[in-house]
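You will see two complexes here that share subunit A, one where it goes with subunit B and one where it goes with subunit C.
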Partner chain A sequence: MESGQLFIILATAIASATPLVFACIGETITERAGVINLSAEGTIMLCAMVGFVAAKTADNVWLGFVAAALVGALIALVVAYGAITLKQSQIAIGFVLALLCSDLSAYLGNPYVRIPGPTVPPRFAIPLLQDMPFIGPLLFREGDILVYAGYALIGATWFYFYRTRGGLTLRAIGEQPAAAFARGHNVIALRYAYTLIGGALMGIAGAAFSLDFKAGWSYRHTAGYGWIALAIVIFGGWNPLRAALGAYLFGVLQSLAGVAQSTVPNVPTQVFTVAPFVLMILALVLTSGDWLDRLLSYLPVNVRRSLARIIHTAPPAALGRPFEQD
Partner chain B sequence: MHRRKARISRRTPANSSTVKVELRHIHKRFGNVHANDDVSLTVEAGTIHGLLGENGAGKSTLVKILSGFISRDSGEIVLDGRPAHIQSPADALRYGIGMLHQDPLDFPPLTAIENFMAGSPTTPALLNVRAAERNFRALCRQFNFDLDPHARVSDLTVGERQQLEIVRLLANGAGTLILDEPTTGISATQKTLLFDALRRLAQEGKSIIFVSHKLEDVEALCDCVTVMRRGRVVGELNLRANGAGRAHGDWPAGERFDVAARIVEMMFGRELAMPVKPAIHQDETALVLEGLLLRSDRLEMHIGHLAVRRGEVIGIAGLEGSGQQLFLLTCAGLEHPAAGSIYVSGRNLTRQPYSAFVKAGVCYLPADRLREGLISGLSIQEHVALRMPSRGIFINRAAAAQEAERAIATFNIRGRPDTAVEQLSGGNQQRTQLALMPSPLNVLLMEHPTRGLDIESTLWVWQQLIARCNQGTAILFASSDLDEIVQYSDRVIVFSGGRISPPIAAAALTADSLGQMIGGRF
Partner chain C sequence: MNGAAAPQTMTPPARAAGMPPTFYRIGAFAISLILVALVILISGASPVTVIGSMVGGAFGTADQIGRVIATLSPLLLCAAGLVYTFNAGLYNLGVEGQITFGAIAATWALRLLHPEGATASLLPPPVAIALAIFVGGVGGIAWGLLAGALHVYGRISEIFAGLGLNFAATGIAIYLIFGPWKRPGVASLSGTQPFDESLWLGTFGKTEATPVALALGLIALLMTIVVMRNTYFGLRLRAVGRNLRAAYVLGVPARRQLLSAFLICGLFAGVAGALQVVGVFHRLIPNVSSNLGFLGLLVVMLVNFDPLWILPVALFFSALNIGSLQLPLSLGLESSLSGVIQGLLVLFALLGRGLAQVYGRKPEG
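So, the complex of A and B:
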């Protein structure tokens, strides 16, 4: 295989990870605020269905995305109400919603199975960026509008987290809500807001599947992606950059599995469908182990600090715990 | 709802020059604990008002109500004669009320500078770390605080976290400042600088509420004190009116009086006696350190030889974070030394696991009671059960309950066996920790054994510790309270600038001379 071809395969693989990027960033935002939205699997699936149906009915892809984002936010609202206001177990609520929404998507989406629908406009290259050596052809030639929006989302989220007052507050309420409250922040309202934003992004992830990267709708169309998104967020150390990298890695693993499947035909196809998930977990475990920290301790202090921030993997201290105020 | 919001924004006196603060008939109950029972307090603009009282008297509850952190059951807050609608910290901040919480209320995984910026009204929407850092360093210099802006707060000592909060609060320029025990973690010189700053702020017309257990501090700083006991105000004293006492009590006007004794009597209803440390009468050593080299990220320290006899008390002085904790952890077997050996009762325990140290009768009580010493969420009884020798997999509830009742009675803990430890007041948490110590002990290592305790509890704790000494336990304790070190130690070692002084006989020391040595002059 010549390098040009390999590049195209890689570029396509990276592009196809875009829905996962949206989902991972959404979940990262929510969890940083201290709320676990465990319904990702169901949210993505139901929103894929809703997005497809809305786009088909209105004959407008963008309306599909809007509808999916709204439904995603709505599911997140249920999570937020149960977790923040009723102070119930976030795990239980999320899990039940994950199952419920998956089944709902199968039931409601039944009339729309395997019919053609609108899709996102075709791919285009970005004028100047595509000429950058190596990175240009890899990232800026094979994408469509959604792929590039994904890049922007990653950068914007990172910037928001670490360079703005709002992002600092977001991290604060996930770490020590009582202290954030004492500094005058409305912890409850902010947690609601970030849970809804995260849910909307997961909704967009769903629509990105059904309207773009896995166009159409079928029974359990996006099965497995929600769970892998949750895993990537954890192993990504709640850092948007690392989470996005994880998502892209998964995309590459999946397309490699595709290539492998066509070269070794007598292995059952299920092996290649499942392999990326298994490999991904392995890769994530390897890249977030203790040994990285141990390696770091040999570096000079200032280098260590900046690196430590990137590989720091402690969950937000108040993750999953409701904020009690007396 | 709307009307209230509107009113708040119309009179937004944040940073306004003078604010008189009045709390009227405040009530607050936690379950069946009446933490504030009809409490009224007036702080004149431009004064520093001391708030005193035993552990659990309700001081923190009262000031948290003023800062909006907890809601009151009834009562009124009046600022400059007008009722203020304070239901949340955000409201209080709008009225210019800023508070330093007793337990540092910060974000441990974030860096010091991020903590400084979080929730500060002057932080721009796009963070400007450099500018914040400049501001931060300037303030640190002003108070002689040595804080690394890029250190994670979780790596700081309790005292350093308190310093960080002081800096943050003063940077925010509140018009009413509440300081809930701010001096427990800072050195004598830092305290002088902080007090100077507070006096300056008071002169500018700000009102300051100062909660403390240290009578010297209160006498030095406050214009007026209010004493609370069991949720009620039991007395008020004007310390600046040339002896014209305005206490509820009766005392001859114009006569000279001993303020400290007077306050103690108001707080506890009686006079208190100091326990006395008897001379050591054993020559047997409990702990020997030989050529010990301690190493951490920031520090490297060396101890040539230290032999601690049974019944001896070694005080460890030094600025917070000069390695005292590492030293104690190493002695406790929780950290291993880079070189050298440790002997407990003659046995070489170097590089042995912690369990070997425990078996040899070594016990370590950390400073951060709730994070390391006790387990939040568990009750006193469950703590007792955890400590009891286990036979089989079941907890013997009846025995644990009995044991807990006994501990509560002998250690005078204000709580019930099923009270969760985090609901106890600081003093009672410390009593619980002491009650949980195993009984024959060879070496007891402690950080800030009486931090946050009221005078009576402090004296009581030392009484218990001295009793331990008499049974042959050697005690090594770190404290930022120099009076405490001079009072109770046989010998003192000073940690300063990465060096450890040879042991000095405490008889040759005063708090002042010790303070100078901490500055690095030994």
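So, the complex of A and C:
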């Protein structure tokens, strides 16, 4: 493959992965606090619709993003109330919301199917950074403001998680809520807050689809992306950098599928739209679980240790469990 | 809570002053109905007109009643199968893929038994159909056990193993429809070449409902009720679902129980997929599962995993699905309103259950 083609593949991947970056970071924040928001599929779809309708009605793209973030946070509020306050199964509530919000987007979004609407203003380059060899033009020339916002979000989340006191508390309430509570942190309120923030980011992901990367609205416009975002969070081992990497990897798979479509003529093109989803989950299956541990046991001890540190990920210890305060 | 004021009270005051648990459940149900009305109003229609149109769309003609039954049959199979996985503590979201793979397997069997261009099938049609349904069941089992093995031996969340296999089954179906099994001439989303009419499952009169599918659905449900209430197997399954570790320590073969739950659910879902192929579509289509698996999950969640209530709820949900198909024709609305109603009912049933547990007054004693 020549470098020009590689460049195009990577550039397409970065653009198409950007909404997923927002969704995966949002879900990572929520799950790190100990709550699973399984509604991603419905949240992203409903927020894509709401964002598009709000932006069209107000004739302002940014209001669309605000509306989508609010709706995403509202759905997350239902998850938080059911999971944290009422202590019901987070999986059940999230799953029902995933189906409910998808259908709601189809029902209420019906009058807005395939009509032109506002989109995020044109792409621009960042002056100094774009002059770096290869990486410059790839990351900083063609991107639009959301691509850059995605980079910023990844960096800021990583910094918050691992370099601030607030991030330490966030991780504590997902790992050892009782200990965090004993140190004077309000576990319930913090879990609500992080679930809402995560939901708002998922909402922004939805609007990023309908107002930018997949501009417009149609029936089941973002089908599949919510489920894949949830899988990427696990693939990413609940680490914002790895989750973002997973999202970009999915983007690469998608743009490779686009290339393969034209180069492998005897496989029907429709297969390539499903293939990235299958491959991504396959990657999840291969990296989680204990298959790799068994393979690793054949390696020399020192290699095994360092490899295991890279591969091994564990969910937050209190993920999905309600917190009993008294 | 207000520890200094009443240090002796064992229960918090909120619980002592709470209403009876049924109050919260009925209240939550009422809120879900109000929200349904609100959603209809937002779309610019009148709730009364919409509900009237849906009732007419579900029960207006024999044809429509037939379609409700045609939807009910596979839904009963899926819901019955999901009772096993839910009671084992599993969220088998892979049920969609199990339906799809059952449909693929059944189509494969029928294509072998009646090759394209042949004038008659190799076996008498009733035998061929029965065999196809059987092969569909085997296909469903394979797909269910695959998710089960990933979960039990690979320690992958059954949710993501299932979702991944759903995507994979859809991918395989699409590959076959556009590739090796494509219609002579143009391949299209409308599916493979329809089977010879001799291989179509018989129906009630001219409707879409087939007695065989309905009977299989009811048998599966009845069997499930008996197994869950009266057998040691059902008891052990519930034990595994309540507390996997404890059940294992007490000598329940936990892995075998979990895999059995996947197997039975896969079997029922695979049969449902085969019935979709031989009874409803008469060919393989990309969306052969028609979201019936996910609908089955909603049904079983609404009845709180108790198979006794599946029949009325599944019938109601099927009627909603078919009734809503009238909406685009008569009122220009989208048919996914049925999904909105189903989702709101289940969501608020779950929330109502939680409210009753947290705030409801405990029975005296």
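We adopt the following convention: the second predicted complex is superposed on the first by the 289 of 326 C-alpha atoms of A that agree within 3 Å, B and C clash if a C-alpha of one lies under 4 Å from a C-alpha of the other, contacts with A are read in each partner's own complex, and residues count from 1 in each chain.
Assume a residue touches a chain if its C-beta (ideal position, glycine included) is under 8 Å from a C-beta of that chain, and two chains touch if they have at least 3 such contacts.
These numbers were taken from a predicted model, which means no experiment stands behind them.
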item	value
Touched partner set for A:172, first subunit B, second subunit C, both or neither	first
Most subunit A residues touched (candidates subunit B, subunit C)	C
Contacts of A:87 with subunit B and subunit C, given as first, second, both or neither	second
Touching partner for A:317 - first (subunit B), second (subunit C), both, neither	first
Which superposed partner A:180 touches (first subunit B, second subunit C, both, neither)	first
Contacts of A:107 with subunit B and subunit C, given as first, second, both or neither	second
Subunit B versus subunit C as contact partner of A:78, first or second or both or neither	second
Interface residues of subunit A shared between complexes with subunit B and subunit C	326
Parts of subunit C lying in touch with subunit A, wherever the complex brings them together	1, 39, 42-43, 91, 93, 150, 154-157, 159-161, 163-164, 167-168, 170-171, 174-175, 178-179, 182, 187, 286, 294, 297-298, 301, 333-334, 336-340, 342-344, 346-347, 350-351, 353-355, 357-358
Residues of subunit A touching subunit B in the complex	163-166, 168-169, 171-172, 175-176, 178-186, 301, 305, 312, 314, 316-317, 325-326
Subunit A to subunit C touching residues, read off their complex	38, 78, 81-82, 85-89, 91-93, 95-97, 99-104, 106-108, 110, 219, 224, 227, 230-231, 234, 267-271, 274-275, 277-278, 281-282, 284-285, 288-291, 326
List of subunit B residues in touch with subunit A within their complex	30, 67, 69-71, 88-90, 92-93, 99, 101, 105-110, 114, 117-120, 123-127, 150, 297
